[in-house]
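Listed next: structures, encoded as structure tokens.
Note that subunit A is present in both complexes that follow, paired respectively with subunit B and with subunit C.
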Partner chain A sequence: MSKEKQKAKESVLASEKFFRGIAYVFMTILSLMAILPCLHVISKAVSTGENVISGNVLFWPRGFQLEAISYVLKETEFFNALKNSLIVTICGTAIAVFTTITTAYPLSKSSFKGHKVITMFYVISMVFYGGMVPAYMVVRTLGILDTYAACILPFAIVPFNMFVMKSYFEGLPESIEESARMDGAGDIKILTAIVVPMSKPVIATITLLYAITYWNNYFHVTMYTKSASMRTLQVYLYNVIYNSQTFAENTLNGLTININSEGILAAAVTMSLVPIVALYPFVSRYFIQGITIGSVKG
Partner chain B sequence: MKKRRISVLMAAVLIVSTMVSGCGGASSATTAAASKAAAAATTKAATAAAGAATTKAAAAATTAKAAAAKTNVAAPKGPGKVQLKRLGYNVAFDPNKDIMASVIKEKTGYDVQYFTLPAQNSDEKLAMEVAGGGDYDVVQCSVNQFQTLKSQGALMPLNDLLDAYGKDVKSGVSEDSWRACSDENGTIYGIPYKYPHPQEVAAFMVCRLDLMKAAGITKVPTTIDEFYNDLVALKKFYGDKYIILSGPFRAASEGNENWVFPKTIASAFGIYNDWMVDKDGKVYYMTESPNFQKMIDFLSKCSKEGLLDPDWAVNTTDTVNEKFSGGKSIIACSNRAGVSSTTPAIIKNLGIGYDDLGYIAALSGSDGTCTYMRTEAINQVTVILKSCKNASDAINWINLKQQNQLFINIGVEGTHFTYDKDHKISPINPIFAQERGNSYWYIDSTNEKEYAEEWPSRVRKSDAQWAAFQVTTLDVNKNTPKIFVNNDFAFKPSSENYSTYNTSLFKSLNDYILQVLAGTKTINDLDAFKKEWANAGGEKVRTELQTWYTSFYKNKK
Partner chain C sequence: MKSDGRKPHTSVYVPEKISTKKKIHDFFVYFRQHPTMYLMLVPGLFFLFVYKFMPLYGILTAFKKYNIFLGKNPLDAVAKSPWVGMANFNRLFNSPYFWKVLANTLIINGLKIAWLFPLPIICAILLNEIRRKTFKKFAQTAIYIPYFFSWVVIFGIFYSLFGSYGVVNSAVKALGGERISFFTDTHVFRSVLVFTEGWKEIGYNTVIYLAAITGIDLTLYEAARVDGANIWQQIWHVTLPGLLPTIILMLILKVGYILDTGFEQVLVFYNPAVYEVADIIQTYVYRLGMGQMDFSLSTALGLFNSVIAFILIVGANTISRKTLSRSIW
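Coming up: the complex of A and B.
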């Protein structure tokens, strides 16, 4: 290799190393920005009360106690809220994925008469929102206020997710479906035996998106429910934060110093992280797939 | 071409109808436009919306109807025969599962289902529940929510019901409180709950007496001059080792708004509220007080001499608490909720005792001025909706609760409390906190005089709160009761300009004071601030408050 070419190659390697170094530093800083607040909260949840109140806790527990976590698990509505969140998320996601698939598939077929008009209805509902009051009136009229159905059905289909799935279905080769039809398969058989297995990446992504929507939903749960027993985890957490001063003044007085408003808050947040942290290793690859699903063609 | 025209026409129809429903708000539920949108759902939804519209339209006839209904109050079905539903403000616990639910059922016999509003958007949720025909028997609402419901004609007049089944409620609430919940004809629309202690020094300062004694200060200052001299002496003795005075205490508590300067200091300059009334009955703003400039000068001087926390402008309530309980500051702004956590922490952290902590309530000026606003105000109002089918039972239940006020809110003598040598109630911990800690949420009405005597026991369940309360409130009430001045607007209903402008006016006042403390503005900028304040709605709020004040107190006389 000539000297010029070798020099050019070396300079490319050097600049690549430099860029990689910058990228690593940048990613490390971003990671720390995400991890350190979590460490701070977890440390507060298990640190002794006097250290928490005095602001002595940074990223590692000072003193160690489990009274705050024990109080959250035993004396507050944590498990009831967790149960509600799990029911809403699991049932809601299942219903939403089913309705999205069964809506997207026929709309992806150009032979389906009226598919353009129906698609336009979904576009309009994406662009225009009827408002909080009409939505509330609909839910109330259906008689499902203060039930799990009120937390699930209003999001049983999200038009954007449906369009993503529709686009994917449109990209599947028609020849496979035609050959299945020639073998005598009907629409439902084709959908369940051919289309769905071929669409696992997009279905996994949409499932994740729905699950995150249901799990994080706060506003609509507060609008459609009124019983404290129907609170989901997000509503429970917000209530603990919102009422921390009153909680401390009225409920926690007379108890130990380890059970204080900041400690209870930190313990409630820490316990709420547990289900997500436990589940994440199993679904992380679908997150990555979801990000790249629309990027690579052909 | 024809197909395209049909498609375009259908799209236009869809867009118009969607926009009509999309333009709806809370109030449109009562208009014909919202009725059209709701008709896309079901007939029942349209009936509910139309019903709300009829209710609003019939508000003018309410008084006549109330008079006609004088002899027509239904008898209550009685405990055990009906299940009541009560809606209240947001709390972190489940009120159906709390021990108080069974305590109240035991005493009154009524089975009650409890519901709560959300923490956010509670006003909107309440409006939707009422407009949608919510079937609550008792609704506990804030003063603003009460005024909104009253103006919409959604509330049942209570005069006859109270006369028939709520005699204890009627006699236990003061006349001023009733007037705040009635219209000009004397029709009562809500049962007020007044803050139980009329003269509490809610915002005070807590100080390290051990450090002060080491610096040669033998007692807690009571005048502004003593206070300043003590700050200077502490600075001279300790230098930068400690923060001399930490603040502000931004958490709102019992009428303590988010002031960025201590009320303890403001009292020495005769400033007790953002809006005040002079001896001629004229309403004026804090910045128009003759002593406002002197107060700003004082704070500015303290800041320049390094007597205030350098982080004063950015401190939050938590950081002020952290600095004091961590032993970094000598004097800190606080309130009862603050000391309930900082005092145990500082005792454990530093090994000091209660005797090493002192409290500064309200300082007097050089001319003897000392004013602190009474904490007497309506905290919440309990109402009965027009749609309620069990109104008599609801009032009967509230009356029964008030009859058993001591048992429900405080407990059983010997189990939850005892009487001390002064015959004051002393709670027994931890059972008092465990079994009566959340009773505050279940209160709809109290015998105001009796509850003012019973309520301090709820403060007493915390040693830290009680230590501060004794010095800052009980001792001040005993020794210097004349410092308390009326809360001129305690019974003021919600009003348009006040709701629209006052929060931003107060924020701009706080910002100006912080800028003076930081040195970016001076007292010379006060005139410019006043002009901006007037244009930003200050004069509109003043006119509104003046009109109300004159009318309310003229009618009282």
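Coming up: the complex of A and C.
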């Protein structure tokens, strides 16, 4: 009997060991699939032209040059696009986080008269979308086409983020706020001195969600801006990818071999990847935390 | 949507009859005590009104023969353009291209669900079995990072890999095959969309399922092991039932948002050579409106999309609330 039990235990352990083996192999493959394409593009950006054109570059640089990257930085509108992206992202995120907090706080109070009606407005805006052209008409009527304001407006308050913030506020202990109220603190004082400091994790998460939304936004920027000087990094990169053949013709016009269409494309992609990859280790925990806080769809 | 197991408020609510007069009185008392609470709502409501509610007025364009020159500004022109009833919708439903883009939308998003929905669940279960903390953290971080790349960056990366002179085609050529035009061949383009969607999203979804797995009571596993359950039986009888609510919720959401997803990806990836298989409702709305400047037809198609999407999303939320007592809002 005990022998049988021992045998069963062994088979359980064997199955777990086998499964763990599969887990390591499978997750290694998946991790490589995520990383290698990025490494490929970065390698291509710094490999010498002959190796890039002949397709020799895999996941590590072959030869080394920085001409392609310096071409992208100097000869294309890279820095202007970076400037636009930074302005839109920083201003947009600041506005969006502010409105999200100031909206979520009153709505999180069940004693707040009218919270049901106002909440309903936000729910409606989440499920019913006016459409692309009507939104464009509004932006045009306001006279803000081709401005930073038009790039910021679409995400100045994202109802979903507001609801995540609101449900976090609802979970905060009421007693601390109550005792502050006893001491004569007003609503604004309570929000800034008590609620906001207690909600740092959710605020960090929401801030990053907004920042990434603004940074990565391509569609609204192409739709609401026309002039080349307003291009953000995403729009700029899209144009580089589609026009890389034109750059390639420049190669024939006496530029060096290192500056070819493939290399320029790779260099531009690399320069757009770098800010995200560099920041990622510092901020990833807030995103993972964000999922456990209670968001399913970003 | 709460994935951390917090229960929704279930306090017993005893309805009492409050007269409208009393309600108004209470409101004014509260308002006088907390005027700043109302002031705080102003910025949010301002943006909500401007960007979400003002466009609702523009929907009238769908029932008009829109002429931008009739008004002082585009919205004024909506009021002054002549009514045409359902003419725009008739034009739409009679055009074979409309049915094509509708089919493309459903096929592309259907393929994505079929191929990609189970993967993060499998990943999360596998990742959960990994004991080495550093490896677990590394794998989680690695598969999660593509989620933060924009579609344009991802397009750049994959164009570099799969383009005519990319490394994949070099390999194909070296092995004696024909170059594959991944971005212009109608036979493979949808696969490119499904693959890159998976590349971007799998890590994110894995983290969601992983969070749900950590919520499962560990004593259940202990009990199962004492009873001699091997790893497959543990997964089948403990992990999967524990994950089921999250799985159902995610599936409901995926189906609910089937008309609203994938727009920016297709917009960035597609080109005229693959319109036939890749043009979806939203990209067609975009080209009709911004390319051909046919505001009326574009708005009509957008409205059609919004109405169906509305029904799907509200339906999905109702199912989710009834079966899982979880609500999207």
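The rule is simple: the second predicted complex is superposed on the first by the 268 of 298 C-alpha atoms of A that agree within 3 Å, B and C clash if a C-alpha of one lies under 4 Å from a C-alpha of the other, contacts with A are read in each partner's own complex, and residues count from 1 in each chain.
Keep this in mind: a residue touches a chain if its C-beta (ideal position, glycine included) is under 8 Å from a C-beta of that chain, and two chains touch if they have at least 3 such contacts.
Remember, it's a predicted structure, so these values are computed and weren't measured experimentally.
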Three-chain arrangement built on subunit A, subunit B and subunit C clash or fit: clash
Which of subunit B and subunit C A:Met223 touches, first, second, both or neither: both
Subunit B versus subunit C as contact partner of A:Ala204, first or second or both or neither: neither
Contacts of A:Val195 with subunit B and subunit C, given as first, second, both or neither: neither
Subunit B versus subunit C as contact partner of A:Ile22, first or second or both or neither: second
Touching partner for A:Glu50 - first (subunit B), second (subunit C), both, neither: first
Subunit B versus subunit C as contact partner of A:Val133, first or second or both or neither: both
Which of subunit B and subunit C A:Glu77 touches, first, second, both or neither: first
Touched partner set for A:Val117, first subunit B, second subunit C, both or neither: first
Per-residue touch tally on subunit A - higher for subunit B or for subunit C: C
Touched partner set for A:Thr141, first subunit B, second subunit C, both or neither: both
Subunit C clash site on subunit B (candidates 6-14, 42-50, 186-194 or 258-266): 42-50
Overlap of subunit C and subunit B interfaces on subunit A (superposed complexes): 53-55, 121, 125, 128-134, 136-138, 140-141, 219, 223, 235, 238, 262
Subunit A contact footprint on subunit C (complex, rising order): 1-4, 6, 26-27, 30-31, 34, 36-38, 40-41, 43-45, 47-48, 50-59, 61, 73-76, 78, 123, 126-127, 129-131, 135, 138-146, 148-153, 155-161, 163, 165-167, 169-170, 199, 202-204, 207-208, 211, 225, 228-232, 249-250, 253, 257, 260, 263-264, 267-268, 282, 285-286, 289-290, 295, 298-299, 302-303, 305-306, 309-310, 313-314, 328-329
Residues on subunit B engaged by subunit A in the complex (per definition of touch): 7, 10-11, 14-15, 18-19, 21-26, 28-29, 34, 37-38, 41-42, 44-45, 48-49, 87, 90-97, 114-121, 124-125, 128-129, 131-132, 251, 253, 318-319, 321-323, 325-327, 336-337, 340-342, 344-346, 348-349, 427, 429-430, 432-434, 437-438, 440, 458, 461-462, 465
Residues of subunit A that touch subunit B when the two form their complex: 49-51, 53-56, 76-77, 80, 116-117, 120-121, 124-125, 128-134, 136-138, 140-141, 219, 222-223, 226-229, 235, 238-240, 242-255, 257, 260-262
Subunit C-facing residues of subunit A, complex: 5, 8-9, 11-12, 15-16, 18-20, 22-24, 26-28, 30-31, 33-35, 37-38, 40-41, 44, 53-55, 57-58, 95, 98-100, 102-103, 105-107, 109, 111-114, 118, 121-123, 125-138, 140-142, 153-154, 156-157, 159, 162-163, 167, 171, 186-188, 191, 212, 215-219, 223, 234-235, 237-238, 241, 262, 265-266, 268-269, 272-273, 276-277, 280-281, 284, 287-288, 291-298
